[in-house]
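What follows is one structure encoded as structure tokens, with my remarks underneath.
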Amino acid sequence: MIIKLKNSTTPEQKQQLISWAEGLGVSVCTVVGAVDTLLGFIGDTSHIDEEQLEAMDFVAAVQRIQAPYKKANRNFHPQDTVISVGGAAIGGRPPVVIAGPCSVESEEQICEVALAVKKAGANILRGGAFKPRTSPYAFQGLRQDGIKLLLEAKQVSGLPIVTEIMDISQLDLFNDVDIIQVGARNMQNFELLKELGKIRKPILLKRGLANTLEELLMSAEYIMSGGNEQVILCERGIRTFERSTRNTLDLSAIPVLKSLSHLPVIVDPSHATGKAHLVPPMSLAAIAAGADGLIIEVHNNPGRALCDGQQSLTPQAFAELKQSIDKVAAALC
Amino acid sequence: MIIKLKNSTTPEQKQQLISWAEGLGVSVCTVVGAVDTLLGFIGDTSHIDEEQLEAMDFVAAVQRIQAPYKKANRNFHPQDTVISVGGAAIGGRPPVVIAGPCSVESEEQICEVALAVKKAGANILRGGAFKPRTSPYAFQGLRQDGIKLLLEAKQVSGLPIVTEIMDISQLDLFNDVDIIQVGARNMQNFELLKELGKIRKPILLKRGLANTLEELLMSAEYIMSGGNEQVILCERGIRTFERSTRNTLDLSAIPVLKSLSHLPVIVDPSHATGKAHLVPPMSLAAIAAGADGLIIEVHNNPGRALCDGQQSLTPQAFAELKQSIDKVAAALC
Amino acid sequence: MIIKLKNSTTPEQKQQLISWAEGLGVSVCTVVGAVDTLLGFIGDTSHIDEEQLEAMDFVAAVQRIQAPYKKANRNFHPQDTVISVGGAAIGGRPPVVIAGPCSVESEEQICEVALAVKKAGANILRGGAFKPRTSPYAFQGLRQDGIKLLLEAKQVSGLPIVTEIMDISQLDLFNDVDIIQVGARNMQNFELLKELGKIRKPILLKRGLANTLEELLMSAEYIMSGGNEQVILCERGIRTFERSTRNTLDLSAIPVLKSLSHLPVIVDPSHATGKAHLVPPMSLAAIAAGADGLIIEVHNNPGRALCDGQQSLTPQAFAELKQSIDKVAAALC
Amino acid sequence: MIIKLKNSTTPEQKQQLISWAEGLGVSVCTVVGAVDTLLGFIGDTSHIDEEQLEAMDFVAAVQRIQAPYKKANRNFHPQDTVISVGGAAIGGRPPVVIAGPCSVESEEQICEVALAVKKAGANILRGGAFKPRTSPYAFQGLRQDGIKLLLEAKQVSGLPIVTEIMDISQLDLFNDVDIIQVGARNMQNFELLKELGKIRKPILLKRGLANTLEELLMSAEYIMSGGNEQVILCERGIRTFERSTRNTLDLSAIPVLKSLSHLPVIVDPSHATGKAHLVPPMSLAAIAAGADGLIIEVHNNPGRALCDGQQSLTPQAFAELKQSIDKVAAALC
């Protein structure tokens, strides 16, 4: 961390700042130049609050050089984290495929889709019970009943399940859920993240619509600093000015996150693009970019889906895509 | 709502869609052109799910013409909503000024600031007890104790108070709080919004960092559709590529929101810019653009603030700004 | 095109608008609903100016349903356009690889890189002679001399060349250049585009940092409407709030552009990411997403490059990447 | 400028870098910490290319502390630059108002508007002769004839004129134009900027749709480093995800630019918002935020304007707005 002092800084102010920093366990080097005086804070600066420094009268600028996250940081944990769920190893090879409908709608629907995606080679079943919807007048999910139906589909198909939590108060319902998803809109619901840090179950953490990759890692750090180190990062598109896709899928997030962190990184091409015909090319691109997995919407009747049908694949289209995924993954070995 | 059908649509599919729409209470007009067939849905379409339509095989495009919100819509409620809190009328003239520290830190601090901003002419006291922080290692607020100190400052100064809620489970602590703030990161915490729709207390709803004004109004609609119609909208900057300010304050949000909705609109120049020297010009600009109020960070010792000190005004700078605000507001009468 | 009239519209105004539209060769259908009156303009509306309509007093809203471009539109030209340059077929299979340094620096440098990338399997040589730089104090390219050195490298290696034009006045220097590149910052330099429409040489048109895909196609339309239909579209990253990459590479642009247009689409992973270690994964991702080619920066000594060295591959790293590209391309056949 | 070296850096590499920097006239301080080695470059670093440094094998990170512009930098030129045009002082008090139609359409139109805005108190006449339009099929301006009509209106009204240049080849036509405008899409047309640096006439430089304020200042630096120091900066909205306005007007640009630079800053609320009803509130907001002037579209018949009529004020609405502007400006004295 580099601190640039204003020219008006007194020797007392400078000494006071140095003592304060040393009290926080970092060592301080001073560079006195012709124009500027710089202090270098060396050591573990993750507990130093940048904004507090910037607020000091005599500080002109602060620049952080080390990443502000530790548990999620590959520097302190060089090996890839691999999270085992059912038979699948998320973070290992080959990449894991999660598939299923946007919303759980009925027993028939979820079980039919579960069996179809299993047959096509999916490793994990997805399905929304609690649905975050922009409009209060839109379908909000089957909620508690949706979780029950998912658990039936788990039993029928043998696939582990992942589904989204929207509030701490719902946590008890997730006892038999294999992976708990935190949606993009809750990526910085810090109270929820803290609570999820107390349990011992994998968390699939989606990147927020306008969040940087550093912020995504800081949200992972919230969970991990509570003791739950099983976090799966998920890129699902960010908001830009482009209007031909629902969001802009940022696939460079994959190699960037893999270099900064040891956590697994998966991609959701369905929510990112919002259009079924874009899901296959973006799925293959994600695999080619090194993703540890995909989460894809599949519905047995997309035209009648209660939400997001426009972006769902039919089971047959998914089966074909799965074969292409396997080919691309094999080509990269 | 206009639906463009694909050329391949069969007469049966078209008839089926028309019947479905009529069953939802809208009337349907058909336009058969040389190339395209269009259906116009006329009436109240706020309950029709755009995405469900778009998912239908034979639908090429859907365009909504009516706004998807009703309770927040000025068309159905032409008069300005005015919310009375203490002696202040939010949504009326003159504009209301809310001021106080980012975080409540101690009894001395909050009471001193409360008395100072009251003397300078502020109408309402702000102060954070539950603090959403990007890093788990940063100060998270005094929480329950912070609320207590705020209530003391309320008694000492006579100012009503506004403070942020971060989770439904905290709601009981807010019984004596005058206005409950929903932060930018919780603008689409739909479970929280639903719960706040059940109470009868003004809600200050901040726009999310990457949310459109329509989405802000949809979040207001979540609260209002639950029966709580006292919603105050707050513009606090959106995320862009610009790096010289923390966020980009979107002041055109004021006249846009005032034309679309009857709800009061206030502006937070402190969080938007992140720098104290930008707060006065942006405060005056907000008033000139027609804002119903401002929410400004004031700290008795910004250089020692536990968070966001960099963007806080001293009580004296605030007092001077308040005088300028009054002058600009008077010039516009 | 759908026009929503205000309720206050008089029958005369409506009739006047209908006559005006019919005079422009479109037929008009009228939908009179309970609340709204809508006009549907059916036929070729690409010559109708949306903004002129919106400016009319009695028009409430205008929504375009047809794309505003024609020459670039796949609807009117279903077959893929394939552009032959040297032995390479841009727009066909396998994908084409363009490689070379950011800037031409010396005869030795450009010839050495040209031979190296040719050996590794590149189809076309790139190299900047005129360099758009943010700072007037940064290296601006060898300009006229750079073109000469590129032509030497073309002769030595047998590779066709592509290089950027920055102003109409430079056009005479490009007589022996095989493909003329229009940079991102000139994507909407309309006078330049018009001039390039008059020549008969392939144009590589880069997407601007903040331009939509529709705007990219409109810029292609500028060139094509002048008679030059050999346009190659290039995605090179858009500007977002994310700071870990120079720009955000929008790979969904590939399938979107390929569905809207018949023109070839290539990707520049070097400028998009700004970091050499991100170039291989994003190159492979682009190929997997269906790109018709790549344009990659290669320098024989990236650490001494006069610009953009940080994002350049060494010839050896490029040779390895080329093999992976071939594997992914083969896997997709 | 701070350079962080990789741990693997050899003493020779470090020495080589230090010698290179000293050769460029900066002095170097070295900080050897427990983990990192940092070099501080002290002195004038504006000629040092950040990217060249970052490309060096053994450099981990580079952070610039000084601004990369000099001529435009307030540090080296503390007094406000005031540019006199006709009787108006751009950069002084009171703020200057530029008004006129988007496009020059006819002698009658431009002279009528010129006289009307003069009567209402405008200082300078605007009008487009060369029009940058997204579509090749849209009206492209009267071009050479438009300039002639503007010069007539100048003579009739006595108002100085400002109009946009789109290409270097048009420069001869601008001999009698008082201020030459560089549009947003040409903000980084560096060849054009260099050419404008050679003349001695005020340049109104608009911020690009996706450009940072630092980049705007670097483009001003291009003009100024050529010897033409009369540059007027113009904020006209940036591109974001918000859809209710054409662009997002970034009014914090005013105080930010005024603190970083001595150049005058004006605002274009018409292009920023794209809607006439948003022009008055955003004009007043700009003045309250400290703008040195406004550039506003006024048309005698907005409903028939050949471009951008939707965002034009009538002469009467403009006259009323001018009175409000005067009141807000007076309130701030």
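Quick notes
Order of writing sets the chain letters: A, B, C and D. Residues in each chain are counted from 1.
Keep this in mind: contacts are C-beta pairs under 8 Å (C-beta built on N, C-alpha and C of every residue); 3 or more make two chains touch, one makes a residue touch a chain.
In this text, all values refer to a predicted model and were calculated from it rather than measured experimentally.
In summary, the chains found to touch both chain A and chain B are C, D.
Taking the mean of C-alpha positions as each chain's centre, the chain lying farthest from the centre of chain D is A.
If you average the CA atoms of chain A and of chain C, the two centres end up 31 Å from each other. Chain D has its Cα centroid 39 Å from the Cα centroid of chain A. Rounded to a whole number, the gap between the C-alpha centres of chain C and chain D is 26 angstrom. Residue positions of chain B touching 2 or more other chains, listed in rising order: 210, 238-241. Interface of chain C with chain B (complex): residues 2, 4, 27, 29, 31-36, 38, 40, 42-43, 61, 63, 65, 239-241.
Note for the complex: chain A touches chain B at residues 46-47, 49, 51-52, 54-57, 68-69, 130, 132-140, 166-169, 185-186, 188-192, 194, 208-210, 215, 218, 221-222, 225-226, 238-239, 302-310, 312. For chain C in complex with chain A, the touching residues are 210, 212-214, 238, 240-245, 248-252, 254-256, 259-260, 272-273, 277-278, 281-282, 284-290, 324, 327-328, 330-332.
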